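One chain, subunit A, links the two complexes that follow: it is found with subunit B in the first and with subunit C in the second.
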Partner chain A sequence: MRLRAVALGIAASVSMSFSALAGELTFWHAYSGQQDKVDFINYALEEFGKAHPDIKLNVVAAEQSSYKTKLNTAMASGNPPDVFYTLPGGFLGAFVAGNQMYSLDDALAKDGWGESFLSSALAQTTMGGHTYAVPIDIDSSVFWYNKKLFAEKGWTAPATYDQLLELCEKIKADGLVPFALGNKDSWPATFWFQYLEMRLKGSGIVSGFVAGNADATLGSEGTEAFKRIADLSAKGYFPVGFNGMSDQEANMLFLNGQAAMMLNGTWQIGASADASDDFELGFFPFPTVAEGKGDQSDILGGVAAAFGIAEKTTNKEDAVTLLRFLTSPAVMTKYVELRKTMVTVKGATTEAAAGPVLYGISNDLMGKAANLDPFYDTAMPPKGTDTYYTSLQGVLDGSVAPADAAKRLEEALKAK
Partner chain B sequence: MASGAAAASSAVRRDSRYALLFLLPTLVLVVGFVAYPVVYSSVLSFYEWNGTATPVFVGLDNFLRLAGDGFFWAALARNLAVAASAIVLQVLLALVIAYCLVRIVGRIGRLFLFLYLVPVIVSEICIGLLWRFIYNPYFGLLNAALKAVGLQSLATGWLGQSSTAFAAVVAVMSFTYLGLYVLLFVAAVRNVPDSIYEAAALDGAGHFRSLFSMTIPMVWDSVRANVMLCIIGSLKTFSLVFVLTNGGPNHASEVVSTYLYKIGFNAFEMGYAATIGFAQMFLTAIGAWIVFRGLRSSKAGRGD
Partner chain C sequence: MHLNSRWSITRIGVLAFLSVHVLVVIFPFVWMAYSTLKTNKEFMRSVWSLPATPSLDAFVQAWNTGALGTYSLNSLIVMLGSTVLAVVVATAGGYALAVYRPRWLAGIEIGLMIAMAIPAYVALVPLVVMLRAMNLLDTHLGVVLPTAAFNVPVTLFIMRAFFVTLPRDIIEAARIDGCSEFAIFWRIAVPIARPAMFTAAIVNMIWVWNDFLFPLVFINSPAKKTLPVGLADFVGEHITNYPVMLAAIFLAAIAPLVLFVFFERQITTALTGGAVKE
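What follows is the complex of A and B.
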């Protein structure tokens, strides 16, 4: 591991050594590996080359999984790229705290660039009143269900949590798994905890901790949310061995009709694209919880990726030009069309580009939601994430008591 | 005489100068990629550092935290369990297999040797992914095989249950690394002269007797080397655990290296990760040394 970090550092400094030249920018992104990502970035860079032939880009592409380490190493060694892909929340926060990000406030104020973004999205890349990156896309999490299976069995999408539990009993009685879940990598189960906490207590809980609010707390609702999750697991509503299965394996159950529903992100649309004819993807919002204190229309949704500029960059003018180009409506609509993901630029998620399911989520759910609550695991400081993940795995397999899990999580969130 | 000695010693000096010259490229790489990171990480273990901001000196805080970190000690205990299982299921089993291949199976032994070696040639990541399919509770071969022979009550979510996850990982490790030790032992067992076995056979020794009373003492040096190799490998094992379970569920199959990875590259606590890495290196060195010493004296005991 140590060796790899050093090797990455050397690779980073070598690739950085040309950055000082005028009219040149190093540009790092994580749109590699998946075809839809590659198609998008190829399109965007080609169009940029046509529009700005005077700016030469030195592009470094990486896959999402290795990108975080790569960027962190470059930042740590003091050789950041000029313009780069970053994640919002704690990941970006660490760079901001290290004074390594260039504030985009002035640039956003010009020519209505700032107004072109959804303000709830821009809020997720703004820290201490300054915006340090421009948000690109929004992932949100909703319930997915197999429409054909539901129609065949005469089931209907539940509106309340109690109806959801009743439906689970029916599904189980039919010998099927109510919810597909592949929790090996721990993030898939986080949607359960967060939605329950949002419904029971409200949005903005973890954001409150991150902002350093003294009265931030999970409340007794945290324990209650973990308790409900433990309950679902004990009743056998999740697949056998879900803590060892990957999200892809869980998807096989869902797409094969062995599992009826799945609480997952909007990337589920892409994952369901080549399912058989027996499958049709439908969605419904997380059901309302009768005694919940949160706004029951809230949606779990957060900025998935953003682009920022390093403070060290000498060529800031061209760097801003690149960001403005990437977030222009035309490029963003192309993004929606290729990746089937909602974007943060107003009006860019068109029905023609997004397709009916995504447009429905964007219009019917996000449009009517009182709040968008960003993903806890990326919003919280990285130190807390592992505690969150392992506590949740433990609650699901019965090895950690709900009250202990809530206590552990609260402590991790309070630690600075 | 005197001038001859001087000429010889100057030749030696010249030779050693050339030797140094040829070693230089490797030396540079060793210093740059091994020595420097080791020294740097031991320095880093006294700091708190998130990978981006300026490191903050915290003295022995990281070591105190390590001493009280239950997850680390539980992970280390799992590494020791891996080592214990590896000595039996990899080294000892490999020795028995090597003896069978050389002394009993004969010519077709080469074919078997090749089959044992396949997992050694294939990358661990691929092996891990293949085993994920085998272990899959719904589509996997293992549960299907259990159902086929009427043992469906044993079918379970192997990697997803706290109770079975670690054992499932250890089983894969044994399969994967066995071939390497078979290969090493086959070479050693082949070097034992036939005449000794012939003499033993005349005295009425069976295979069991000639394995334990003659082969093992004759190849004791390779036994020592292989046990050492397997202990070091077990204490720093990473890739199979990472691919199969990522240390989960809830740390149930966590080993030191996966824990270190999570602390360093998920939580970005570089200082503490360096402390874990330093402790791991130190404990591995001590463990290997103790076992190496222990095996030497037990050989002397046999010799007497």
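What follows is the complex of A and C.
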């Protein structure tokens, strides 16, 4: 495998300076840095090579966080790869705004390719009525709990927010931390705000701002959501020093039984795979909020990654062939099997491939949810995300008043 | 006072302090070494515990996942290339600024200061455009040139600071003896400046060895990646296999360690050489 990667690399270096010829594509992806990601992309590219020996791929891989820098630089310098991995929302939006993305509308209309995707997922890569990338996987956020610990202590998963608060008191009285949270990178706490806003006011709030709806507002619910988070923090339901702790460090508290619950994404399934035998992963949906106006079955879930084609690409036909191959049911089911992540292609998240926990979330929670609300922080334009992160950290450590945080966020979202 | 000079209280105190210090400094390395022998499960259960059944699996996986040998070699090429280039340019430039004191010296210095203040991020896009025009994208030379350019200003200041202390009498004497300007530089100044050049080179090497941004953006081929970029492949976004990552870091640290062992004397003399002028 390594030899092949090296060979591909040498080939890539030779052809890099020329624009891709017919039958040849530069392909950039961020499936590196993790065994399951590497296994998936190796499988997909190998199968592609067998199915389409006439198309030569020059593959460039980078690890997720550095990939963004690399791709942004390539796009800004007018040197985009032909087919590439991108994030939905604001990240893709910037490329679309710069007229750098090829519209996939015609291709998706052919042979029912477009129909094979969940429409809620495709909506997240569609801007101004045109689809600019095909969504691959869906991350969702739910409450995770340690089943063995709950059984031992006689606790039950709460259904309402008030029950959740009662449970927290019990857990604290037992000397444990109710919620594992490591908010150093700012994104882990966002699920709290978004779920509270969704329960209190409803789904689609931030999407409304992004779409430029004049009546989009966080409402008084925004302040209320921040207030509830400040309360949780003031009551000591999060670990000591959580704003300086990484998500992975917080995860250790959870896996070692020092913290009882965690509000986190579906990647928790993979992160719990190496836990000790005293741990068993369970999940429950974010509890209902009695006075909330939102649909209480809504789930926070959004497209995690997508693939697009650059407008500059000369060989668009082969590029579409590659995208169709990557999003074919067989490849997508393999994706579910290897990565334990839900995918956007209908019917590909099978029980056999997903395993019981993921299938449960996909079937019982997402299947029954009235709405899927995409992750606020990736849907927002970058400036809004910064404000969102800093306000939330401030509310959590008590340095920013909930009302001020809501006001700042509202202004940032209106400014676009 | 009749204290045993070998075991005076002060001496024992100093030794005790240094021993504690050494332990504190060494512990992370020891921890890293024994953690590589654990499984990820064991690591997750307890960060401090010793491995129950030591296994070298992490090393095998680390070695198989990336191409650590290739990455190291690439790092070495980029490091030596840009260091030599930066030090050569800076030595000549520092000498000229110190010895000839051009009329626009202040202007040059301000220019260099401004150049030092430019963050590399700002220059990324123009650099990619230039490198592409020169057909240097995805080549080691394409990393070496901008890296050296960014390191020249600081290196030049180090070299100039040294040449300023060079007694002018030596140069005057050489001139009177009919030595050409280039010969004065090459046969008199450069040999004297060797310790300073070594210091500058070491500072450069450390920067370049650890540099992440330029190799990340300018290099595409897996076979040309440098160590920091290659090692990033071991860090997952949400899940990290710590023993494998530590094993990779451990293997990656071997090359600089060997270099240090071989050049230890030169490095320590170089670092202290400029401190006192005899």
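For this structure, a couple of remarks:
To be clear about the criterion, the second predicted complex is superposed on the first by the 399 of 416 C-alpha atoms of A that agree within 3 Å, B and C clash if a C-alpha of one lies under 4 Å from a C-alpha of the other, contacts with A are read in each partner's own complex, and residues count from 1 in each chain.
The rule is simple: a contact is a pair of C-beta atoms (placed from the backbone, for glycine too) under 8 Å apart; a residue touches a chain by one contact, two chains touch by 3 or more.
As the structure is a prediction and not an experimental result, all values here were calculated from the model.
Of the two partner chains placed by superposition, subunit B and subunit C are both touched by A:M252.
In the superposed pair of complexes, A:A76 makes contact with subunit B and with subunit C alike. When both complexes are overlaid on chain A, the residue A:G244 reaches subunit B alone and has no touch with subunit C.
Residues 2, 5-6, 69, 73, 76, 252 of subunit A lie at the contact with subunit B in one complex and at the contact with subunit C in the other. Residue ranges of subunit C in contact with subunit A, taken from their complex: 39-41, 44-47, 64-65, 67, 70, 124-126, 128-129, 132, 135, 137-139, 212-213, 216-217, 220-224, 229, 232-241.
Residues of subunit B touching subunit A in their complex: 33-34, 36-38, 40-41, 50-54, 132, 135-139, 156-162, 165, 244-246, 248-252, 257, 260-269, 273-274, 277.
By the touch criterion given at the top, residues 2, 5-6, 8-10, 12-13, 16-17, 32-38, 60-66, 69-70, 73-74, 76-79, 247-248, 252, 255-256, 265, 267, 270-271, 273-276 of subunit A touch subunit C in their complex. Listed in rising order, the residues of subunit A touching subunit B in the complex are 1-3, 5-7, 68-69, 72-73, 75-76, 94-95, 97-98, 100, 183-186, 239-246, 249, 252-253, 258, 382-383, 385-386, 390-391, 393-394, 396-397, 399-400.
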